[in-house]
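Read through the structures below before going on.
Below, subunit A partners subunit B and then partners subunit C, in two separate complexes.
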Partner chain A sequence: MLSGYWESVITFAGINVLMGLSLYVPMSAGLISLGQAGFMAIGAYLSAYLTKLGVPFPLAMAAGALAAGIVGLIVGAPALRIRGIYIMILTLGFGEIVRVFFLNFTPTGGALGYSGIQPLTEFYWVLTACAIALVAVWRLRHSRMGRAMIAIHEDDLAAEAMGINLMTVKLFAFSFGAVIAGVAGAFYAHQTLYIDAQQFDFARSATTFLYVVLGGPANPLGPVLGAVLVTILPETLRVVQDWRMTFFGGLLVIAAIWRPDGLLKPLHSYR
Partner chain B sequence: MLLQQLVNGLMLGSTYALVAIGYALIFGVLRLLHLAHGEVFMVGAFAGLMVSIWLSVGPLGALIGGLVVAALLGMLLELIAFRPIRHRGGNYLAPIVSSVGAGLVIQEIMTKLFGAEQISFPKQFESVVYQLGPIQVSDTQLFIMGIAFTTMFALHVFVTYTRLGTAMRAASENIEVASILGINVNTVVLLSFGIASGLGGIAGVLVGMNFSSISPFMGTDMATKGFAVMLIGGLGSIYGAMAGGLILGIVEVLSVAYLASSYRDAFVFLLMILILLLRPRGLFSAGIEPGR
Partner chain C sequence: MTALLVADAISKRFGGYLALADVGVQIRAGDIHALIGPNGAGKTTLFNIISGVAVPTAGRIAFQGQDYTGRRADQVLAMGVARNFQHVRLFPGLSIVENVMIGCHARMGSLLQELLSYVRLEPRAERDARDRALEVINFVGLQGRIAMLPGELTLVDQRRLEIARALASGPQLLLLDEPAAGMNPSEVNQLDTLIRQIRDSGITVLLVEHHTRLVMAVADRVTVLSAGRVIADGPPSIIQRDEAVITAYLGDSQ
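Our next item is the complex of A and B:
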């Protein structure tokens, strides 16, 4: 059996894999979000609130994921009018707004944080969720919707001219990603047992972005590899103890120079 | 009362503007979101602190210290973390990854050197308060606004009237054409990083003087607000960043004074989203395509 320490490391790696996949989906339609932590926060807070009321964990998680998905629809709507770097900073703003909201929202603890959450996250359930999400994302590539997303990523004007409804596809991509982030948030809250608004800050959104871009934004396994590396590396770098973030940061710079397109190549280039 | 708040807002906004101009300069030439710029700003503040403690040279000396150290750091980042990726023709997202990495390194080194706590920034002025009609201004506030606006004016003169400034504007228009026309693009990019980071360093020292305390984590908050300011002003537009900074400063101060102070940061981003919806290219678009 695994020791408690590694069980917890694997759980967090799994949660981060889910976060990576949650960003991979909108990114494969050309929508880069720097606010995934906001969706994660919604899933975390709502599910924790519900399980404290006695709602079963799976149901609470579904509610959190659904709420995140609905908010994803709202955030995704302006993305129809703006593009590229603007979406990145718009979603960054969204993430900050969610953070400030939970910082001041007293029913879930406000600035004191929300404590006393039950330990309901089991690491094999996290891994199962990762597997399901990965298969869903993988299969999505071969669906009508997935192909439309890839077409929009390549050239949205051309895609629209071919009869693809940009609004439906972009909103779907955004809220599908948000649902996955909501699931990740629910697991996270019931693993750490204490959440506060600062845990869902810009740094978390930026790290989520790292998973995808480091691992490879054109391959569903990219965010998985990126998330696992980014989670496990600082742990194993404990040999260098106090300077592990420096080493980790240096490795990121080297990886970006060595493999600017991500560690894993686009799927089709392996054929 | 309102007039007083406006003055306070202008002062806060002038530091935002300095940081956002840095983003705009770098985004202008490289279309790059520089996620370590907040850390450069923070290092500038610490450099100003060290200079004013060790050399006791007064506020101007601290500013020059912050400016020089931040500018050197910015140029070093360009040489180590960005230029190699450009030369390998990488994905436009890759430099963002390396800027995150560089930011982590800088933040940890500074935490190790100065500790993770707030450090008090020595008082540079006598705290004289002047009464100008209905408004009160302290000497610190006058100094901060004076320096910020002088710096912005100097930058305006530089980009408008000098050869290098013209080269920078040309490169931000179209870096490939500029290169064909015989502009040494590498020099221009390096220079842009130097100027952008130097402005960030000045802003760091000014913020240190304003709040009389600094910490290795002060850059994060400034970084996200700097993005918001650049967007409000228009991507890559220097003058947009100036105007956006002042607008944001005023909005923030007013929302603290008349609305709920704890929601201040949310108002700032709500304003940004609202402006984006009404004017998807920002208030003063530089005509730069946002990319895809």
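Our next item is the complex of A and C:
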């Protein structure tokens, strides 16, 4: 059997895989979010609050994911009118708003953090959630909605002229990604047992972005590979642990030059 | 015959530049209607207004008697007006068949049905869309290449693919913006046949084209634009002899 240490490493890798997939979905519609940590925080805080009240974990998780999805719709709405770098700025601002909100929101601990969360995250449930999310995202690639997302990403004017309602598709992409991030947040809170606002800062959103860009933003397995690499490498190589951000920064530069599409090639549907 | 599309007193201003001034066009159902004129005459602007990509500064536009001025491009497509692009705009990351299936998007039902079908492994709407896409791909002559990416096709085949994508939406009016650009004479002949076949299948065609020989051969009716105004409108035989048109566009062959 796995040691407790490796169980914990795999759990965090799984949570990061979920985060990677949560960003992969909007990114495949051309919406680059730098605020995924905000959706994760919503899932984490709400589910932790509910399990403390005695609500069963699956229900609390669903509530956290739903809340993140609804906030995703609200954040996504203004993002419909803007493109590219402005969406990045908007989502970056959103992530900071959520962080500062929980920093000052006393019912969930405020600046002191939120402690005493029950240890309800089981690593095999995290892996199950990863598998479900991956299948869902894979199926999405071969569905009408997924095709529409890629079409919008590649040429939104042509997509609209071909009958695609940009608003519906973009809102779906944003909100679906937020739901996955909410699930990741719920697992995270019930694994670390203590959460505070600083755990959901910009660095987490940026690392999530790294998973997708490094692994391959046009292949559902890309964010999975990216998240696993970035989580597991520091655990196995001491050198990488000490120089973590330097190492990944360098890796990203190398990837940008040699594999601009990420480690995994775009997934084309040859049918 | 009744008019399928009526553009009435359309004006379009870009800053201080008047691209279209009080333009009126009527397209009869079942016609191949050509729109010609020198560069900068406003053909593409009018085309964009008809397809909902651009909004006119003034004037009304109606399809089957229903005013649709100011509607979004996706709503205009759902109404039954599909287009191609002068500079080919395919989706490079989607295969040929998927590009055409995008054209079926508007015909695949509501978002709720979409979410329900998402659960099933091979939803029927998806299968129907694929069948329809294959049918249209055969129609334009791209069979056998469905799994390729658009970038692997020649420019001429990319134009055919764009036409297929537009046809997949099941339009009543097909807008073609310079489909013959970059084609050699035999390819132009194939295009001539294709456009006639499209018309014969019951689809009205609006053709913007510089290839005068193609236009005069295939069109039932021609509207000539020059400097944002309609200078002539009528059957090709009359347009070819129109003094104003010869001066502005066709040129004197003698």
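Methods note: the second predicted complex is superposed on the first by the 251 of 271 C-alpha atoms of A that agree within 3 Å, B and C clash if a C-alpha of one lies under 4 Å from a C-alpha of the other, contacts with A are read in each partner's own complex, and residues count from 1 in each chain.
Just so we're on the same page, a residue touches a chain if its C-beta (ideal position, glycine included) is under 8 Å from a C-beta of that chain, and two chains touch if they have at least 3 such contacts.
Note that this is a predicted model, so its numbers are computed, not measured.
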Counting residues of subunit A in contact, which comes out ahead: subunit B or subunit C? B
Identify the partner contact of A:P266: answer first if only subunit B is touched, second if only subunit C is, both if each is, neither if none is. second
Check whether A:M88 is in contact with subunit B, with subunit C, with both or with neither, and answer first, second, both or neither. first
Share the list of subunit A residues that count as touching for subunit B in one structure and for subunit C in the other. 153
Which subunit A residues qualify as touching subunit C in the complex? 139-140, 143-145, 147-148, 150-151, 153-155, 157-166, 168, 172, 218, 266, 268-271
Under the definition above, what is the set of subunit A residues touching subunit B in their complex? 30, 32, 78, 81-86, 88-90, 92-94, 96-97, 100-101, 103-104, 153, 156, 201-203, 206-207, 209-210, 213-214, 217, 242-243, 245-246, 248-253, 255-257, 260-262
Would you pull the subunit C residues touching subunit A in the complex into a rising list? 51-53, 72-74, 77-78, 82-83, 85, 89-95, 97-98, 101-103, 105-106, 108, 111, 114, 117-118, 123, 125-126, 129-130, 146-147, 149, 165-166, 169
In the complex with subunit A, residue positions of subunit B that touch it: 27, 31, 33, 35, 80-81, 84-85, 88-91, 93-98, 100-105, 107-109, 112, 220, 223-224, 227-228, 230-231, 235, 260, 262-263, 265-266, 269-270, 272-273, 276-277, 280, 289-292
